[in-house]
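What follows is a structure written as structure tokens; I'll ask about it next.
Should a chain be cited, it is by its letter among A, B, C, D and E, assigned in written order, with residues numbered from 1 in that chain.
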Amino acid sequence: MDKSTAGGLFAGWAFIVLAIVLGGVGFIPYVDIPSVIIVIGGTIAVTAGQFEVSDLKRMTSAMKVAMKSVSFEQLPELVEKIIFYATEIKKHGVMHVEQKVLEENNPFFKEAFQLLVDGIKPDVLVPLLETKLEHMEKRHNTMIGMFGNIGGTAGSMGMIGTLVGLVAMLANLSDPASVGPAMAVALLTTLYGALIGTLFAGVMESKLTQKHSLEVASCEVIINGASMIAAEESIGNIKMRLNAALVEVIE
Amino acid sequence: MDKSTAGGLFAGWAFIVLAIVLGGVGFIPYVDIPSVIIVIGGTIAVTAGQFEVSDLKRMTSAMKVAMKSVSFEQLPELVEKIIFYATEIKKHGVMHVEQKVLEENNPFFKEAFQLLVDGIKPDVLVPLLETKLEHMEKRHNTMIGMFGNIGGTAGSMGMIGTLVGLVAMLANLSDPASVGPAMAVALLTTLYGALIGTLFAGVMESKLTQKHSLEVASCEVIINGASMIAAEESIGNIKMRLNAALVEVIE
Amino acid sequence: MDKSTAGGLFAGWAFIVLAIVLGGVGFIPYVDIPSVIIVIGGTIAVTAGQFEVSDLKRMTSAMKVAMKSVSFEQLPELVEKIIFYATEIKKHGVMHVEQKVLEENNPFFKEAFQLLVDGIKPDVLVPLLETKLEHMEKRHNTMIGMFGNIGGTAGSMGMIGTLVGLVAMLANLSDPASVGPAMAVALLTTLYGALIGTLFAGVMESKLTQKHSLEVASCEVIINGASMIAAEESIGNIKMRLNAALVEVIE
Amino acid sequence: MDKSTAGGLFAGWAFIVLAIVLGGVGFIPYVDIPSVIIVIGGTIAVTAGQFEVSDLKRMTSAMKVAMKSVSFEQLPELVEKIIFYATEIKKHGVMHVEQKVLEENNPFFKEAFQLLVDGIKPDVLVPLLETKLEHMEKRHNTMIGMFGNIGGTAGSMGMIGTLVGLVAMLANLSDPASVGPAMAVALLTTLYGALIGTLFAGVMESKLTQKHSLEVASCEVIINGASMIAAEESIGNIKMRLNAALVEVIE
Amino acid sequence: MDKSTAGGLFAGWAFIVLAIVLGGVGFIPYVDIPSVIIVIGGTIAVTAGQFEVSDLKRMTSAMKVAMKSVSFEQLPELVEKIIFYATEIKKHGVMHVEQKVLEENNPFFKEAFQLLVDGIKPDVLVPLLETKLEHMEKRHNTMIGMFGNIGGTAGSMGMIGTLVGLVAMLANLSDPASVGPAMAVALLTTLYGALIGTLFAGVMESKLTQKHSLEVASCEVIINGASMIAAEESIGNIKMRLNAALVEVIE
């Protein structure tokens, strides 16, 4: 569980609940089932229309990624692990690590080092891993873009709902007493749209972007390390080059 | 038929209808023929003014593309097919596949492999196919941009219509009873503009973008495969390189 | 005359006139000479302040370009013409086409082929033509950006005019009967600004962008063709390479 | 004095004055010293907070640049001058022009040709001049960005001022007669913010951008010319290459 | 202490206080604890949800960076120092500067020159330092983006708060006297959001961007200088190349 995503979302919604409670009119004026249906339903419908079925199916798994804490190693541990593998290979040959590679659970690391064990040359290894990384980036960016689109669509559906409500209210001004509540209901779709955009889609989009860039940085270190091992560079060189990704000193 | 486009659009409009029904004032306040004419007519007029006739003529075919499910193979089948062709050519020579290529219906695949059958060298084949891909991308981006422009124009025409309506209403405030309905009618153009932008142009633009990037990815795999076959690389290498585009493992 | 620009603009303004007529209060509430002066005058003044005199002078000629139908050949005719020239040069030598080149009216084609006739080597010809193309692109982008700026400025001047009008109205609320008409007049500048942005600057900007990208594509084909002729490539190769720009098959 | 900047700004403000005069309520409702202080003071404060002191000090000199007409040569004269120098150097040697170079007042031209006179080799000359150009671009872009930021900040400070005013007005609704004037005052900060953004920062930003791109184009021609002279290319070649930047024929 | 950041922020807030004082209704209508909680709390919650814990922890240190005056040398002093080191190394060998390097407090300079002292070859040194710079840029951009996001989120939370307040007010219109104050309170969240966006997040974002680009420029000069020393170029060349970054002449 990614504590900051879960905690941030929970606290965000709690502050909204607090705002409503402090408003003193209770929850009832804020709940309008038709408005909920129109904004959420409309956003789902438009999103379904905008994306391919295969991408829509990956949406829940993308949400799980945003909610889970990162499963792969942080950069410092990763660099250490690569240096460990490089030393083992230098000492005992590439076959010695075969079993250990199979037990790794970072999939990109596993694939890169299985190719190393298979004896792939650096000039084949690097473009191959870069192709894999590139396709991963495309898939991630589709999902990040999907949450961005959801935020925009929820805002638009909210505005459309409010306009529909305003027209209904204005067409029926005979009873002045009903103007206030009707206007309140009309504004609810805008509120729902803003809430979905800020407290769901925006958080997902940004968190996935952060996790994506961490993963890309980690994949780049793996490609860099694997290619240096394949090129049989010295352990000293590999250490120096990989540690450059860890510049903690400068701020 | 692309079920997600059709279903999404249908459901989206159904939610709007639902919103109106639940509003309780019936459909009549939402229908104003002059407003429809101004927003739709104005958007068509501006779009015609913004684009070349040759591009305007391609608009309906672009809409068909967005509504149809993708006709060409998914990446995994495509990779498999290219490997099959590569193996056939390795075994029986390039002439052996000539007939099969003619029967292919993925046009980019067909063109690439016909060039292969014609014995084009890799250093001519790749820039040729890349030129074709590049021109395809330009044409697609013109259409994607056209739907983006339509969304923006519909919003502007909606705002213009509302301003025209507001001025009419304000210039004629003598009858207070007419203010509400007049205001309602004025808001209708904004509503129509937002509906066109969200539930037509936005969906088309995004869906075409998705289909476009799928097609580009598929064309890149074809170029990659055809160039490796032309360069007479080993089947093992071709397999390994093409499969890198299918990284299902990493998420 | 570019029929889609002229027709689109005419139809667009006609729809606005229609909207006003259908509004039932006549044209008088929509005409306010001071508002016209402020929005149009202010937009011209700001645009003059934003651009260099030399660019401002090119504005009317840019508008003529947007209104005229494209004078140079479409890509298919252009490719055909280049292949014709290539064949003539192959058969009868470069001097044979000298007279015909002088009669060409596509200026970029003329310049490129005059350089060919002058016997310039391909390694000098290509960077020379690319420099020309690059400077043409810069000049076109300045004009496209100018119309984009005009749209934004008209919107801002409209908003400023409305604020000026609102302050006048609010400072003088003593006569309630005048509020409506005063408010109507205040809104007119916003309306004028939106009309200029949508039905003038936006159309010009987009149409010039379209024509620009057509011209760039055509110049690139000319550079490509001329460099292949200069390099004395075979007619077959030239045909194949140039035709790649015409991929009509794929959509 | 750059006539279009000065004239545009003067005319723009004159149109605003005209709008106010034509509004018929005089200048008094438009002047509110506290609002002026808040918008201008706040914008200055935020801008000071956003930029480095060294950049803030360059602001007035940037404004002078925007207001002055360009001091260096137009491209055609520049090309002519470079060709003149190239011919002199060809005929009489590089020492012959030493005195003339010292009298040049285009600083980039002077630096480039002093390096030529010093006998720097082209492979050192070009990266050196490009470094200089690159640093000039960075410094210019900081100033252009500063005026962009000022426009945005003025708009935000205007909105903040209006909200402050609205809250004051709403908290004190007891006297209905004061609502109008209070609202008018509240709107003034938005008006001031829009005026600063449109009729000061926007004009400066755009004019500096125009002048910057003219200067970059001129520096690029100088680098190009100087490197060809250093490489001892023929006068004919230098002429042809430099003239390519002057494509007046194509539009 | 960075005087322009501190002074700008202080003056900005002082102008807001002034605006409120001059509004004449005192501070009480501007203070609403629930609104403060909702906007600030909600913004913190959403930001926590959007970023990784490791990045959130760096936020206060990033704010300190924005508030402190730059600790490292300005470009002219830096260039002078590098030339001094280059001369020392030329004269007495690289070991002679070892002790001085250890006493440097610019961390990037120290790292670069320690590598020089260690005798790293230029072809290893440059990519190593560039990797370090690249990772520093990524980390800085994450922080700059975080403050940008905070500004946007504060605006959204302000709008959400206002909508919540409006719904409460409209649902409870029975007492007309309460409409004004209720509306005032509803607007407060929008005001708070705009203040956080303009007078906190916007200033931080822009100041960090400025400091970042200064630091990158300084790191690039260090990389450039160190690589020329490692390549044993002449002091004259080093001087000329480094001084190109200081083009004070051209404006």
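Assorted remarks:
FYI, a contact is a pair of C-beta atoms (placed from the backbone, for glycine too) under 8 Å apart; a residue touches a chain by one contact, two chains touch by 3 or more.
What you see is a predicted model; the values in this text were computed from it and never measured.
The set of chains in contact with chain D as well as chain E is empty. Common neighbours of chain A and chain D under the contact definition above: E. Interface of chain A with chain B: the two copies contact each other largely through different residue positions, with under half of all numbers used appearing on both sides. Mean C-alpha positions place chain C and chain E at a centre distance of 40 Å. Averaged C-alpha coordinates put the centre of chain C at 25 Å from the centre of chain D.
Residue positions of chain B touching 2 or more other chains: none. Viewed as a contact network, the protein chains form a single closed ring in which every chain touches exactly two others. The sequence of chains round the contact ring, opened at chain B and continued through chain C, runs B, C, D, E, A. By the touch criterion stated above, chain D contacts chain E in their complex at residues 34, 37-38, 41-42, 44-53, 55-56, 61, 65, 107-108, 111, 124, 127-129, 131-132, 135-136, 138, 142, 149, 153, 156-157, 159-161, 163-168, 170-173.
Contact residues of chain B toward chain A in the complex are 3-5, 7-12, 14-16, 18-20, 22-25, 29-30, 70, 179-181, 183-184, 187-188, 190-191, 194-195, 197-199, 202-203, 206-207, 210-211, 213-214, 217, 237, 240-241, 244-247, 249-251.
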